[in-house]
Amino acid sequence: MSKGTVVLAYSGGLDTSCILVWLKEQGYDVIAFLANIGQDEDFDSARKKAENLGAKKVFIEDLRSEFVEHFILPAVQANAVYEDRYLLGTALARPCIARRLVQIAQKEQAEFISHGATGKGNDQIRFELTSYALYSDVKVIAPWRIPEFYNRFKGRKDLMEYAQKNDIPLPITPKAPWSMDANLMHISYESGVLEDPKCSAPTDLYLMTKNPDEAPNVPDVLEIEFKNGKHGVGRIDIVENRFIGMKSRGIYETPGGTILLQAHLDIETFTMDKEVRRIKQGLGIKFSELVYNGFWYSPECDFLLHCINKSQENVEGKVQLSVYKGQVYILGRESPKSLYNEDLVSMDKQGDYDPCDASGFIRVNAVRYVRIKSRVKLEAQG
Amino acid sequence: MSKGTVVLAYSGGLDTSCILVWLKEQGYDVIAFLANIGQDEDFDSARKKAENLGAKKVFIEDLRSEFVEHFILPAVQANAVYEDRYLLGTALARPCIARRLVQIAQKEQAEFISHGATGKGNDQIRFELTSYALYSDVKVIAPWRIPEFYNRFKGRKDLMEYAQKNDIPLPITPKAPWSMDANLMHISYESGVLEDPKCSAPTDLYLMTKNPDEAPNVPDVLEIEFKNGKHGVGRIDIVENRFIGMKSRGIYETPGGTILLQAHLDIETFTMDKEVRRIKQGLGIKFSELVYNGFWYSPECDFLLHCINKSQENVEGKVQLSVYKGQVYILGRESPKSLYNEDLVSMDKQGDYDPCDASGFIRVNAVRYVRIKSRVKLEAQG
Amino acid sequence: MSKGTVVLAYSGGLDTSCILVWLKEQGYDVIAFLANIGQDEDFDSARKKAENLGAKKVFIEDLRSEFVEHFILPAVQANAVYEDRYLLGTALARPCIARRLVQIAQKEQAEFISHGATGKGNDQIRFELTSYALYSDVKVIAPWRIPEFYNRFKGRKDLMEYAQKNDIPLPITPKAPWSMDANLMHISYESGVLEDPKCSAPTDLYLMTKNPDEAPNVPDVLEIEFKNGKHGVGRIDIVENRFIGMKSRGIYETPGGTILLQAHLDIETFTMDKEVRRIKQGLGIKFSELVYNGFWYSPECDFLLHCINKSQENVEGKVQLSVYKGQVYILGRESPKSLYNEDLVSMDKQGDYDPCDASGFIRVNAVRYVRIKSRVKLEAQG
Amino acid sequence: MSKGTVVLAYSGGLDTSCILVWLKEQGYDVIAFLANIGQDEDFDSARKKAENLGAKKVFIEDLRSEFVEHFILPAVQANAVYEDRYLLGTALARPCIARRLVQIAQKEQAEFISHGATGKGNDQIRFELTSYALYSDVKVIAPWRIPEFYNRFKGRKDLMEYAQKNDIPLPITPKAPWSMDANLMHISYESGVLEDPKCSAPTDLYLMTKNPDEAPNVPDVLEIEFKNGKHGVGRIDIVENRFIGMKSRGIYETPGGTILLQAHLDIETFTMDKEVRRIKQGLGIKFSELVYNGFWYSPECDFLLHCINKSQENVEGKVQLSVYKGQVYILGRESPKSLYNEDLVSMDKQGDYDPCDASGFIRVNAVRYVRIKSRVKLEAQG
């Protein structure tokens, strides 16, 4: 008797292959789901592998344009950056994948979903909050939080042995001494040797961007697209705060996202009223925290997406920029919706502006100083 | 009969030289004050020039360490960045200069101060708000806002003619087709040919940083100091919102400030609690706006400086970084006040953390979703 | 030769009657505009008076429903309160009046508008920012900021004399020793004897609300409508911060607005997700400041109105409340869009909630404490 | 063999008496701790009761002045109000009690603490976050989250039976059909018949405040103190958002707190710069959320307390107010630190203020409108 059907977020790697087999061992029927979000993967062989391991069904779906349109673009519009630096490449992919995961679960009348995320990270939260939001009765099996599982598989060695016993193909290439998460927007690297925050990341770690010293000696004036970044743009090394309250060290490369962010910041300030910008900046910071913490499908994220979207009505135009040796340089911008007024701002023309007005403006801004000074004087005398 | 004494913020250039003479012409005694904040200037010859033009007294004062300690460092602690990009190099210098300006005015019993800032810019506000804050009865003479002055001097040509007539030495080097403001932290470039926001800045504009393509082919591991930046770090080209409501285009180079900002962001996140960081981030954004708008010496800026200072109590440690071809790369960090816990975060150790707790954490975070779903269901049925 | 046409915001009182005549004296054609926003006024006799004083045209328009629908209701939705107490009764009326004022100016091809607001208050800003926003080329004549006017009319006595000389009917009732602004939402009282902030307001000052001790001894269960408040609800006495930087003392009575605010707060929390509420609360505070400062017709206020409006999609339902002796008591509420779940929250039922989850929730919320404690311990030992 | 020692937050009531006995039954030594925070309780008989039930030790401690000085006063300074209405009377008491609880546990070398808070409420979180913050290795026994306990005691009836069997004295007075939490600041009422949000609270529910219709017919001019409120001030009925994600309905009476809050709001605005006030208002809202959610002893709450404390440096003075029939009326205020300037604000005097400055102030504030209008015009034409 089956305990029911589980849709497993399957990556094709060792961990989720073992989980697939283990779930079957526990008495579940397993449907494997693998999303194509632009990672470097042999999807055909992943399908075969899952079938061989006993998956009842295997879904492999191309979510790349959905990922770009519905997740990356809103984040660019929000200028979404977590803790001033991280562009949220993984955090944006998770709700995209999890959404499809629970859609499949609902279609296939599966009560359960499962994933291979650890019990200490953000991804478990992102997967599961999305799942609860879209399929409120779903039951989650998170093996890395189940004592029978994590006590049995204490390290990679245990997984390897289990794989051997269960005809799970072993990885051909030796495992890098860190873990990785890749999609069309970025690659993140963490744990393993990277856990020591004072150790420099190895120079051969980066897969998506060239080392800036090997980058071309000629800058590119950009056509914006999400592709491998030959100029080494978008590498960061940060210690960040996980939702769960730990600090963790991550190394990220986000070439296209970095360029898009810089370009968007530029054209936004060019076309958006400054006070709207100020309010929207606060909303964007809040949005970034929510996305990082896994609340993409929450009422407040819906609300913020709506507000941010409204703020973008007039944000259009062209930004010229060059990318060179790891850096993005804005060169110029133009827009039919520009709020920049060359006559008004020009030092050489008076435009529609009476400089005398500034005297009143400044003096009125100083009115509240006066009383404070008098108080200070009184206190000094008193 | 003198109309009184004016302390003039004197730069040694054509504009303030003409203003010096014009103020005397209007019947004032003029004291010239020139601050050394690290700009490239021949201070001796500037002193002689001012004396020759009839200044009653000339004060030339070295404010460099005051500028670094009391203005730049608090800004670094605040991660102060205006509109997500501008590091406030000019905005920080203004209150430092104006503070000394009014101190001199008070000491010399001068009723008036004067400056050469235009009527459209931020600097007039920064100078004057500082002045009103510290010397509330001061009277400000801002020639570029006085019709008799600005109607008489409609362009550089009028100033040149006036200079010739009044034995004001003409600038030897031809004027760059833009205006500049330099100090030890940064140089800003604006107006003139830069007023067209779609035109790229000339490559020979930059004086403080090397072009990245001429930068050394070997990165430097950094010793942090405010010096010329041979790696081309810290160049930006932005359209920003002036306090006065106009958008203006500015090009900035801030090599040391950029490195310091990156280093500080890193060590701060490493040593500061995440929720304190979140609150402090908001205060830092507010602080940046205030500094940009000229409110350094305001009650609210005092308050924020105090709060931000408190937040820095445990922010200490070392950041290793490399600078190469226009970019700063963080390599590693260590701190006696680190809140990073390698055991706790490690994927390979369990540390003091029970992964099962995460299940409850996630489910409780999803509690409020449930009711919303039910409502949605009811509405769909209704 | 006329200097042009002015549309004057005419109140029917002594000040604006004098201004009307004075404007004519200065060579302008004057159109008088008087808005009915629910104040107690004999509009027919005001029309005759303005005609007799030489107004070229007189517009008297009923803006009451526009005021309620387009200004008061959005403010209620925003829970708009300035500095935690003032419900913005005057601030909301100003853009409503000024909008019509400039519409008339445009229709009548008048280049000028004028008003009787003082040079120290908020109303001048509210009138004029609205006017510049909607009719950017308009020219404003603000007599109380024109030296020839305010030096000539230094007090009420001068106005009375001028009125007598110019056949301006003198007020029949003696002037109250304070100034008032009334509309259907509220009456404000300020200046005169109220300027001493430690003096209690006279008990016979209030016109809109009964003294609570004379209020009925039986509470009313409410039907919400903007009418005179017989229960004495909504009186406040505050010192507030004007936009212009002064603190001023105001006494307000806003019976209907107070009841609506309480009712709206109640039903909003009942039907709105808590995190949406939190974001929206911040937007509402910003909105209140903008309205107070006169920025109703600004891009940022537009943006906020849009966002706040979005947040109200599910805010509907009925609130039962009683009003008694100056106070509003919420009794109960119900809503088809309620997010309140009696089963879930009940102490007597378990509902769809596993109390064990709370243990994990709490422990994960405490994860970041651990490291801080260790640091503190280390420091104590060190 | 004892499993160890538990310090139990003991209230003297049925629930915690049963928990005391149950904990002994489970093999623990139990120390009972009862805090006097101003609730109406016979502490002597509570002590005897706990001793009779087998408590190894009983600590009854008077925390009233600590509660007032270290918890209530900072909250008043913060103008702490949760979701615009709740004055946090229970939320403030919890960390005060829990702090002493873990101090006793540490002194008595007890590994465990226990409390009678339910698994759905905020109090469990407040107790436990405080405990983890101050005693990071403490182990928490929360019976209402332990299946063996809550499945055994499904309702009051089960507790009563258990009491009878175990010689636990039964409550003499019949239980009110709701639960209560009282301290010197407030009483809260929730659950039971109050769980239906549309049902009015019974008029005889309130214990701390008189019904306004029975309140004296003469107002009191106030001397501020935390005592029973004979004027019926401070009653609210709200639906609020628990940290745990549920909405719950609470009825509160906080007479003294309400008066203090109104008085503090008044004197604060009178003596504090308006922009400091604005920043501090945001910090106070954040502070209120943290206190509500149980984060009193968190790094961010420490930080906020420090900042808010700084903001209060000049907040001093006297507020005259009257309380009458459920409402607080501010009558006047005075302060040696007042920033109110009667001359400056007066309509009858010009003071140190040039009304002409306001023209420039307003026009500069409208500068950014101009460009937007042109864009709109262009779009209309285009």
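Just so it is clear, A, B, C and D label the chains in written order, and each chain counts residues from 1 on its own.
One rule holds for everything that comes next: contacts are C-beta pairs under 8 Å (C-beta built on N, C-alpha and C of every residue); 3 or more make two chains touch, one makes a residue touch a chain.
Labels paired with UniProt names: A, B, C, D = Argininosuccinate synthase.
For clarity, every value in this text was computed on a predicted model and none was experimentally measured.
**Student:** Which pair, A-C or C-D, has more C-beta contacts?
**Tutor:** By number of C-beta pairs in contact, C-D is the larger.
**Student:** Name whichever of A-B, A-D or B-D reuses the B-C interface, so over half of the contact pairs are the same residue numbers.
**Tutor:** Repeat interface, by the over-half criterion: A-D.
**Student:** Specify the chain most distant from chain D (Argininosuccinate synthase) by Cα centroid.
**Tutor:** Of all the other chains, the one whose centre lies farthest from chain D (Argininosuccinate synthase) is B.
**Student:** Roughly how many whole angstrom separate the Cα centroids of chain A (Argininosuccinate synthase) and chain C (Argininosuccinate synthase)?
**Tutor:** Each chain reduced to its C-alpha mean, chain A (Argininosuccinate synthase) and chain C (Argininosuccinate synthase) end up 43 Å apart.
**Student:** What whole-Å value do you get for the distance between chain C (Argininosuccinate synthase) and chain D (Argininosuccinate synthase) if each is reduced to the mean of its CA atoms?
**Tutor:** 31
**Student:** Among the residues of chain C (Argininosuccinate synthase), pick out those that touch two or more other chains and give their numbers.
**Tutor:** Residues 241, 244-247, 273-275, 278, 282, 298-299, 338-341, 344, 353, 356, 358-359, 361, 363-368, 370-372 of chain C (Argininosuccinate synthase) each touch two or more of the other chains.
**Student:** Please output the residues of chain D (Argininosuccinate synthase) touching chain A (Argininosuccinate synthase) within their complex, sorted ascending.
**Tutor:** Result: residues 273-275, 314, 337-341, 344, 352-354, 356-361, 363-365, 367-368, 370-372, 374-375 of chain D (Argininosuccinate synthase) touch chain A (Argininosuccinate synthase).
**Student:** Mind pulling up the chain B (Argininosuccinate synthase) residues that touch chain D (Argininosuccinate synthase) in the complex?
**Tutor:** These residues of chain B (Argininosuccinate synthase) touch chain D (Argininosuccinate synthase): 241, 244-247, 273, 275-276, 278-280, 282-283, 286, 295, 298-300, 303-304, 306-307, 310-311, 364-368, 371.
**Student:** Sort out for me which residues of chain B (Argininosuccinate synthase) touch chain A (Argininosuccinate synthase) in the complex.
**Tutor:** 79, 83-85, 118-120, 124-125, 128-129, 132-133, 136, 140, 142, 144-147, 150, 155, 179, 191-192, 195-201, 212-213, 217, 219, 235-242, 244-249, 265-266, 269-270, 274, 277-278, 281-282, 285, 289, 298-299, 320, 324-327, 329-334, 338-342, 344-348, 350, 353, 355-356, 358-359, 361-363, 365-366, 368-370, 372-373
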